[in-house]
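Below, each structure is written out as structure tokens.
Look at the two complexes coming up: chain A is in both, with chain B in one and chain C in the other.
Right, the complex of A and B next:
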């Protein structure tokens, strides 16, 4: 039984923070790299597909009232299967948090703390997120309500403040490197909708489970629009993408914002906002992992695990040898990882469980038919 | 934040089951839903006519005023002598609101004492005129009328009214009059015997307003309850007595409006007040610390006010007030973050004015909490934020300062706190002088001596002014203390330190509850904010009470409150 549940707005914000946070790092550039100038069409295309997938997840989850994927996997394959699936999702949340944390801290180190070891920066984040995670999922969701609008505001601000630096002709050729590249290879950009994975775990947390459909559709559409803004900023500002600084392309665009002679270098304020966003992202990931752990182990007080989870994230974060390795993990491996866990594993379990349920619903009827025939 | 290293280590290596006191304010089952849905508000008028039987009237008044729990409502039964006959009677008044001398000498004494004029047979009718025709005597007599007799002969009061329904009589009682009920009469007397005990009318010293009333609470609890009665003017206001402190047995008054306030909230406040085991309780400040949910971040979780109008505003909004004898402050509970940035004057001003001022106060809170920290962070880590000319000017001003920025700012902030504390302690005529000497002379001297830079003086001054703009003293104090933490974080890690500190601060703030109500309500969670938005709508749009209080009457005014505008001729 979840002690304190979250309302619909909080739930939307939780899904969005997981979806939107990667945009701070190299996600927009990775998206553009796949399809080049057709990225805007591609984003609209993958958003439509993501909405369809989200609706499919909602339909599949609906049959299990307010159960999450852990309960569904228990129904499908028993306790051991539940533990395996739970562990996979815990690893997914912890590993993705670690990679993002490492990359963001590397960026912070490059920009502001060249003399400081990245370990200290990561450690500061770990302490903060552990203290915050201890307060519960509901608290993490409430803080997120304050933090997430800042992220959206920051991106909109960058967009509108940079509009005079835009070269709108960068959109041409409108189909980039071809139809196939835009619509087939570009399907890989679905990995940008990582927030979908949270949908599997939301039902038990919701005060109003009947709003699940609203949450599903709203979050996917907002995430799509947000991504459209993010990629537009980079696409319209930089003709030759290879020349763009690899360290947080959005951060790079903030350097071009100028308001007269007084405000010429506002990028620190954006970093300030993004530090809050990353902290919120990791807090929610830790807390979700703790809730999953609670489900698979029946532990009474899951709060005692918070430092253990923090240490795991810390250990995974410092594991990559250097920034190049961690960047490769975040930009390349992460999308496969997301595809595997968010879409393949999650939807696969739900489809199988739905089959099982339908079969078990039909079984008694068949028996009756057989008896009548006899 | 109270950090205990031992507990920290313990929490890592040991298992401690959760022992959290978790009270949530649930919806009251007695919610007046009709009131929510209907366009017109239910009229609270009690049109019941006064009964002839005094015992029925007595029971009615006892129920109406909840005399079993209402400590300040006095019902005095006695026998009234009129024309040699005796009648059962009683008077009702509110202790603390009437002049006892007047009551004894000019109401009870004439009604109870036997005197010569009052001894003759009451059954005798007064002969007005007499005529005899054909041995038949025709007399015109005036029958004895007890109600007239009491009014004209027994009660030597200048202001007395005969009232036939309970609504009017209750209104009189609530405003400090005394009600007299006599057996056999289906009317009651509303006798003016007002006599509030109060110190000379003084302006509130800490919560000054421009357009509102200028009265403040005093130390006497009865005077304070009478102020609440007078301002609220409703018999639905319940004032319960609770004694706290095994030695001092300090009288506390738990006040709420019976037909508005959520029953769970009342029960919870009562439960906490009744379960305090202390020797002594001498102020509302002590009580506040004894009944709050948690002490995380040291944020105030109960509003404290010296203004009766503010207290009554909150009472009628569905909150609970606690008064402590000997303390000129009322405690208002539950309280949320945005309450601490509101001023009693907000509701007296036009919404655009008050919302502008509210915005200024939010800015002041941010300045108080973060400006010195930001200054340290920017000058230490993020110099690129400053325009080159300004950066040069700051560097030039710091050229002669031998100390690091952290030492410089802590020196000035602590000096400022010293000046403020000294200003409070010294006799009032010297107080402002200390402020001027401290701020101007000392600051100027420090700059001339090269101890601090002039820019820093500006930063500290703006921060200080910001802290004075916070209406609530406790909340301002909390921000003043917390800013030292952000200064240190800014010095250690620049924006990274401040952002992470702010994140933890926000996390703890959102976790706090005040009597079951989330502290950051309005900001987060975003829902459930009907009637309690930080920014005020126009008066005619303030239809609802704050929904988070789950009051029995969610609506407080009609959808169309300015009826005069919509009436067709």
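Right, the complex of A and C next:
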């Protein structure tokens, strides 16, 4: 039984922070790479598919009332299976946090701390997020209500402040790298909807589980619209970013924002917001991992695990020997990783569990019919 | 015991962070920085780069914001690359060269003709360089240009470098060419880079001949019509093909560039008087765009065909005895004359960029892209080479409203 429940708005924000945080780093550029100028069509297309997938997850989860994917795994395959699935999801949350943290800290180092080892910058984040994780999931979700709107505001601000630099003709050629790349290879961009993975764990946390459908659809649509803004900034502003790799494409665009001679160099303001976002993202991930750990091990007080998880994230973050490796992990491996865990594994378990449930509901009825016939 | 351990770890953490972050703090401390306001890049005699740094004394700016006029300091150094020049300069001056306040980067014409790809990529890779930093190609050496660039109406050289292109919006005779735009155009597949054409006054403007208009300015940056303290000039445009300088545009061509690019808010032109019986043979008109320039691009028989539609309104500046600008027929005649004059100079400009330079500095390639359905088709078309085959159709619609205070004399 989870003590700290969250309301519907907090739940929406939690799902969105997981979905939207990767956009600070190289996600917009990775999305554009597959399809190039047809990215807007592609995002609309994958958003529709993501909404369909999210509704499917909702329908599949509905049959298990307030259970999450860990409970469903236990129902499907017993305790060992539950432990395996729980461990996979813990690894997923910790590893993705580590990769994002490392890459974000590399950017901070380049811009602000050229003489400081990236290890110390990561360490500062770890201490902060460990302390905030100790305050509980509900607290993290409440703080997130302040942080996430700042992220959305920052992207909208970048979009509207840079609109004078936009060339809307960059949308052409309309089909980008071709129909196949837009609609078939481009399906890989579904990996941008990472927030879907949170939906598997949300039901036990909700004060109003009946709002699950609303949360599912709202978060996926908001994530889709947000991604449209992110990729539009890069596509309309810098067609050359299709050929050149930037450390943080959105950060690069903030350097162009100027309002006369007085308001210049606003990028520090954006980096400050994004530091808060990354901290909130990692806190949510650590807290979710702790809740999963609690379920698979029956530990009563998981707060003592905070520092262990923090150290694991720290260790994985410093593991890549250079930025090239960490960038590869974040931009390439992460999308496969998300695809496998969020979509294939999660939906697979839910479908099989639903079959099992239907069968078990069906079998007693068959038995009854047979007995009546006899 | 737990409380003691907690406090102990907090103290240790604070000490670790103080040590770890102090190096970065020290390196970006203003007391340890030498702030560069402009950087000039020349080719040295030994075929290396000769880099000139223009420093400003930060202490010359008082706390109240006012400042005394101080002479900026120039240092030059020969080095194989920009970064090694910075490194050598750090050693010589005992401070760290910081480019975050660099407002201007000057390339000599000799270097620009050779190609400046490596320099632009290096500078764009530097987090200190702002994308809004202006880029100038100097007809003299970059060092000479910087030595002769002195603020006349400003106290601070940084302010001067920041505002010297502001007049482009209401004259159209120079452009706000930034390193951000240059880098964009260099790597973009639908445009070519350009820079401000700079120089110092060395030749007499009366030596110029071959003018398309006897009245409008056709001066480039080393022909100085004005006299005064500031002998550096920043008029016209340096046109690049890829990373190499291929040509120069004079002031009126620069104006055409600004019109096609929708970057000019108003400009003055001198057109031949349609009624030559009047006392004045040229009429000065201040034009303002009514609508932004509309560009449409098609492919006709394999060749690009670009239609450019401009719409201006104007008011007459020139005035003399016995003139009547309250007569609608006279204004209409003037409007027609103005339209055909603008069509002529715009066509000349566009054909010059395509036939002479084969350089699409106006980013017209982005309009041609809609004729292709995939990136592959566009790539195969090879716009960069096809630009020289482009045909232009320029239509200008001008409406002269009246003169200013006097309408009839």
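Throughout what follows, the second predicted complex is superposed on the first by the 370 of 374 C-alpha atoms of A that agree within 3 Å, B and C clash if a C-alpha of one lies under 4 Å from a C-alpha of the other, contacts with A are read in each partner's own complex, and residues count from 1 in each chain.
The criterion applied here is as follows: a contact is a pair of C-beta atoms (placed from the backbone, for glycine too) under 8 Å apart; a residue touches a chain by one contact, two chains touch by 3 or more.
Note that the structure is predicted; figures quoted are calculated from it, not measured.
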item: Partner chain(s) touched by A:177 [first = chain B, second = chain C, both, neither]; value: second
item: Touched partner set for A:211, first chain B, second chain C, both or neither; value: neither
item: Contacts of A:131 with chain B and chain C, given as first, second, both or neither; value: first
item: First, second, both or neither for A:146, with chain B first and chain C second; value: first
item: Touching partner for A:71 - first (chain B), second (chain C), both, neither; value: neither
item: Chain B versus chain C, judged by how many residues of chain A each one touches; value: B
item: First, second, both or neither for A:261, with chain B first and chain C second; value: both
item: Touching partner for A:112 - first (chain B), second (chain C), both, neither; value: both
item: On chain A, the residue positions that both chain B and chain C contact, one per complex; value: 112-113, 124, 261, 264-265
item: Sites on chain B touched by chain A in the complex; value: 11-12, 15-18, 22, 378, 381-382, 384-385, 387, 493-500, 502-504, 506-508, 510-511, 518, 520, 523-527
item: Footprint of chain C on chain A - complex, ascending; value: 36-37, 110-117, 120, 123-124, 127, 167, 169-170, 172-178, 238-240, 243-244, 255-256, 258, 261, 264-265
item: Interface residues, chain A side, partner chain B - complex; value: 3, 7-10, 108, 112-113, 121, 124-125, 128, 131-132, 135-136, 139-140, 142-143, 145-147, 261-269, 271-272, 275-276, 279-280, 283, 300-301, 303-304, 307
item: Of all residues in chain C, those that touch chain A in their complex; value: 13, 16-17, 20-21, 23-24, 26-28, 127, 130-132, 162, 180, 183-184, 186-190, 363, 366-367, 369-370, 372-378
